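Just so it is clear, A, B and C label the chains in written order, and each chain counts residues from 1 on its own.
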Amino acid sequence: MSLRRRERLTGWVFALPSLITLGAVIAVPLGFSLSVSFFAYTFINPSFSVFLGFENYMNAFSDPYFWNSLWVTLKFVVLVVSIEFTLGFIVALMLNRDIRFKGVYYTILTMPMVMSPVAVGLIWKMLLHPDLGVLNYFLGLIGIEPINWLGDPTMAFWSVLMVDVWQQISFMILLLLAGLVSLPKEPFEAATIDGASEFQKLFYITIPLMKPVILAAVVIRTIFAFRTYDLIYVLTRGGPGVSTDVLSYFIYRKTFMGLNLAEAAATSYVLLGVVLLLVVFMFKIITSERKVVG
Amino acid sequence: MRYLVLAILILSTALYAGVTLHVLMEDVPETHIIKELLPDFEKKTGIKVEFEIVQYCDMHAKLVPQLMSPNCQYDLLEVDNYWAGEFPAAGWLEPLEKYVERDKFDISVYLPSMLKMVGYYNGRLYMIPMYNYAMGLIYRTDLMNDPDLRAKWKELYGYDMRIPTSVEEYVKLAEFMQKYASEKYGQKIYGSAMQAQRGDPIVMEWSNYLFSLGGDYYDEKWRARVNDEAGVKSAELYIRALKNAAPPGALSFNLDDAFRVMSQGKAFSMITYNWMLAQLNDPSKSKVAGKVGLAPMPGGIGLNGGWGWAIPKNSQHKEEAWEFIKWVESFEIAKKRALMGGAPTRFDIFTDEDVVKKYPWYPKVMWLVMYAKPVPEFQYSTQMIEVVGRELSLAATGKKSVKKALDDAAKELNKLAKMAGLQK
Amino acid sequence: MKALVVKDLHKSFGNVRAVVGFTLEMEEGEFVTLLGPSGCGKTTVLRTVAGFEKADKGEIYIFGKLSNDIPPEKRDVGMVFQNYALFPNMTVAQNIAFSMMIRKEPQDKIKKRVGELLELVQLSGLENRYPHQLSGGQMQRVALARALAKNPKILLLDEPLSALDAKVRQQLRGEIRKLQMKLGITTLFVTHDQEEALTMSDRIVVMKDGVIQQIGSPRQIYDDPINPFVAHFVGTSSFLEGEMLDGKIFIWKDERFEVRKSKVKNGKALMVLRPTHLKMVKDEENVPDGSNVMKGRVSLVTFLGSVVRVHVMIKEEEILVEMPSEDFWGFKEGDEVIVYFSPDFPLVFPKEQNIQ
């Protein structure tokens, strides 16, 4: 008993430095912003003198632009993650076989990922330029009318989506590919002998075996997608109108333009809640089958 | 006496020696011009200057936390006129009167409009004007002088084509050019290379329309008036221009995108910063070099913009920072900057013989700057721009009527003025 | 008709020749083991029979049908893998039913068959468990049931026991053999464990570097290895390097032994002595006439349960002697002993043949 206690103590001692670091860099800012969200704390008047209770939250909820941003964000995240996952999985499956020039593909794939979103945004802004952009030029060659990529409110949303997919899909591909590569060969051979087709192998073996990797990839991408704002900043600034005004850019503006740290913190907490809900929901879906026998 | 001066010089050099001034600077031509001149300052004073050069969009977010902290990492600031209300109101800037009086620094040489915008706030001097970016009309002289187009215009409107004198006439001319210049040259030539991206681009451009039609953001009692007759008319004309005389996609354009269209010879005109003329006249950057001219905003009042030097209250090296301001704003250096392509703020530079010889249009720019008007300066300027930008963009995309959008903007502007304690 | 015929099979991976001229014929119901050290090509042969590898050269006939170009699922083979290869997301029942489900057989039929198979591998009642809830032995039984589910004509076992504990391994190898005999299913088994090979097989194929060394019953392989490699790999042996004279006398250091089974007439030779062929006494009087005799000193005695193994140093060589435990009467380290053997036992090979 005492030995076990001593062991436990040693464990705590080992964990302590990282706990302290984590506390300092995660818990403290989180706690600070939580408390800020209940006060009239702004950059102009940074003090905790006026307690507002839930007023900052109420203000956020009563702002129609907040609801617009929330809707835009959810639409953006769900679409971006599902498109990236679907395409990414297909590409990963295609790369996970004996093909030539694998190294070349990997290099090409990694490139967008290592670029900063701002640079990507600027490059795409030029490609998407309605008059001088390459994209419309090529469309023109095959007789398609120039598309107003970023100037049209509906199209702008899809354009931003496309650019984000372009940049972020490699992350998905590489993560899924890493998962595929490390899968054992034998279950596939066993299934082959049993007469399973490629599709049956995909659904009965690959996907179930990949579940942990898929979960990680999708959750990480979801969280990242919620934080997308640099791309929006460079490409559209949330416009035209409010068609691409995602919540993190909304919060960024509340903080650094509105200087209203308190309301921004409150909105951030709402966003955090949404992200958490979504992530928990995904865990539930993806791990549901395992739960049957527990 | 000579020895005394020398002694003081040596002493002051010794005093400042080892000090390094850290300054956050925007990545624009003016910054690089000053950077080139820095060795002169270092030689004279022994003070080292280090520029951290970043994009505009990163500056505010970098500055605010530093200004709020007990020790500012930046010893000297350049302050955009957007922040010229916010920073002093928050108490982040050192008042400069005592330095000016003590060292007999002459501020009478600055254009009043500049001093008003990036000098004084609430009657106190917080900043020294650094450079201007007042806006005006840049147009294609070749198209303007094209006899066919001129004849067509006369046939349609019964008078000679001229540099527009009102916003309405400008929009009409832009529409005309888009139709007939395109026809004549067999390629698309847009009337106006507009920058209607949500946020500050659309607000900056529209402000020219608003001011020139006699409108404003607030009246003298800080009641919002963007939705009055002038406001609505300016927004309607602006949106008309966007629809009929602007490149597709202008709703997502910022300055760079618009510049690309203009510099490729694909537009007739551009409402933009006066210093863009030099860029458009630079053959290495522009296909229309030598074919562009500058005029005041049709209607007379463009948007003024500019930067000022300031010292943060929590600066570690206030004296050295002031020393730098004195140097960089001295006639000698100010003239050098102007000759290297800078955008002056002083009468004596605008009208200097050598400067005018090199840039003959500078006296015109001076008048443009004198008449130009900045956006209202108060704590919530950036927020105001954000709100107006959003509503204008919504109106331009047809998601809201012009009147409704401006009414909504006015509502929020009133709220901001109240929050700032300006409106009782 | 032969159940399986492999004719002159060749297979290389890049520069590595994995299988060279492999030929084997199997009767229906026969249990044949491919035995050899890792990298000897035994698994490649198995995988080529299964259809996972394509032969560079040679033919494979399964019940008379040339199968080189037939995909694995159409070859009528069942396979059990070293690492179980169960589907972790499926229950035991679902795993076993997989091939039937793929073939869309009716539910009740599947259920009945799964029940039978579970009984066969003694796992009844565990149908709803998931693989991660089973022990290694149980998992391998499930894998076996799954392989048998579609009534294959040939069962392929790829080192199915090597991941298991010694105890479970021994138990399972008996069960597999009994099951195989009961079902009468032709079985090709791959292992590097000579004990498994000796205990389970009808015939053993010993391989080295892609080449068959010897094919024969366990008894033949053990008693009459064809070369020093087989002798070394199957069972325990001591090797003495020496010289043959007239095909009758083996000269080792200054000893002369009479031998009857020599593959060498004159020249350098290698003599193989199985520990069980050697006997050991204290006094020379007890040595039967006509025996070959050596003197040595006991350096180690190890007790292996049913037998005792004694290490004897004779002229700086260590020679192993084994005797049934009940015949062991108290030799201990340091004892001077006499080791002897009958001229009928030892095998003598030419020296050029390497044991490795």
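Here, a residue touches a chain if its C-beta (ideal position, glycine included) is under 8 Å from a C-beta of that chain, and two chains touch if they have at least 3 such contacts.
Since we're looking at a predicted model, the values are computed, not measured.
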| item | value |
| --- | --- |
| Chain-level touch network, classified as line, ring, star, complete or other | line |
| Among all chain pairs, the one with the most C-beta contacts | A-B |
| Per-chain Cα centre nearest the global Cα centre, belonging to chain | A |
| Between subunit C and subunit B, distance of the C-alpha-averaged centres to the nearest whole Å | 88 |
| Centre distance in Å when subunit A and subunit C are each reduced to the mean of their C-alpha atoms | 55 |
| Gap in Å, rounded to a whole number, between the CA centres of subunit B and subunit A | 37 |
| Complex interface listing, subunit A residues touching subunit B | 43-44, 46, 65, 125-126, 128-132, 146, 148-153, 156, 233, 235-243, 245, 253, 256-259 |
| Sites on subunit C touched by subunit A in the complex | 50-52, 71-74, 77-79, 81-91, 98-99, 102-103, 128-130, 133, 143, 146-147, 149-150 |
| Residues on subunit B engaged by subunit A in the complex (per definition of touch) | 57, 60-61, 64, 68, 86, 89-90, 188, 196-199, 201-202, 247-253, 256-257, 260-261, 264, 266, 379-380, 382-383, 385-386, 389-390, 393-394, 396-397, 399-400 |
| Parts of subunit A lying in touch with subunit C, wherever the complex brings them together | 184, 186-187, 189-197, 200, 204-205, 208-209, 211, 289-290, 293 |
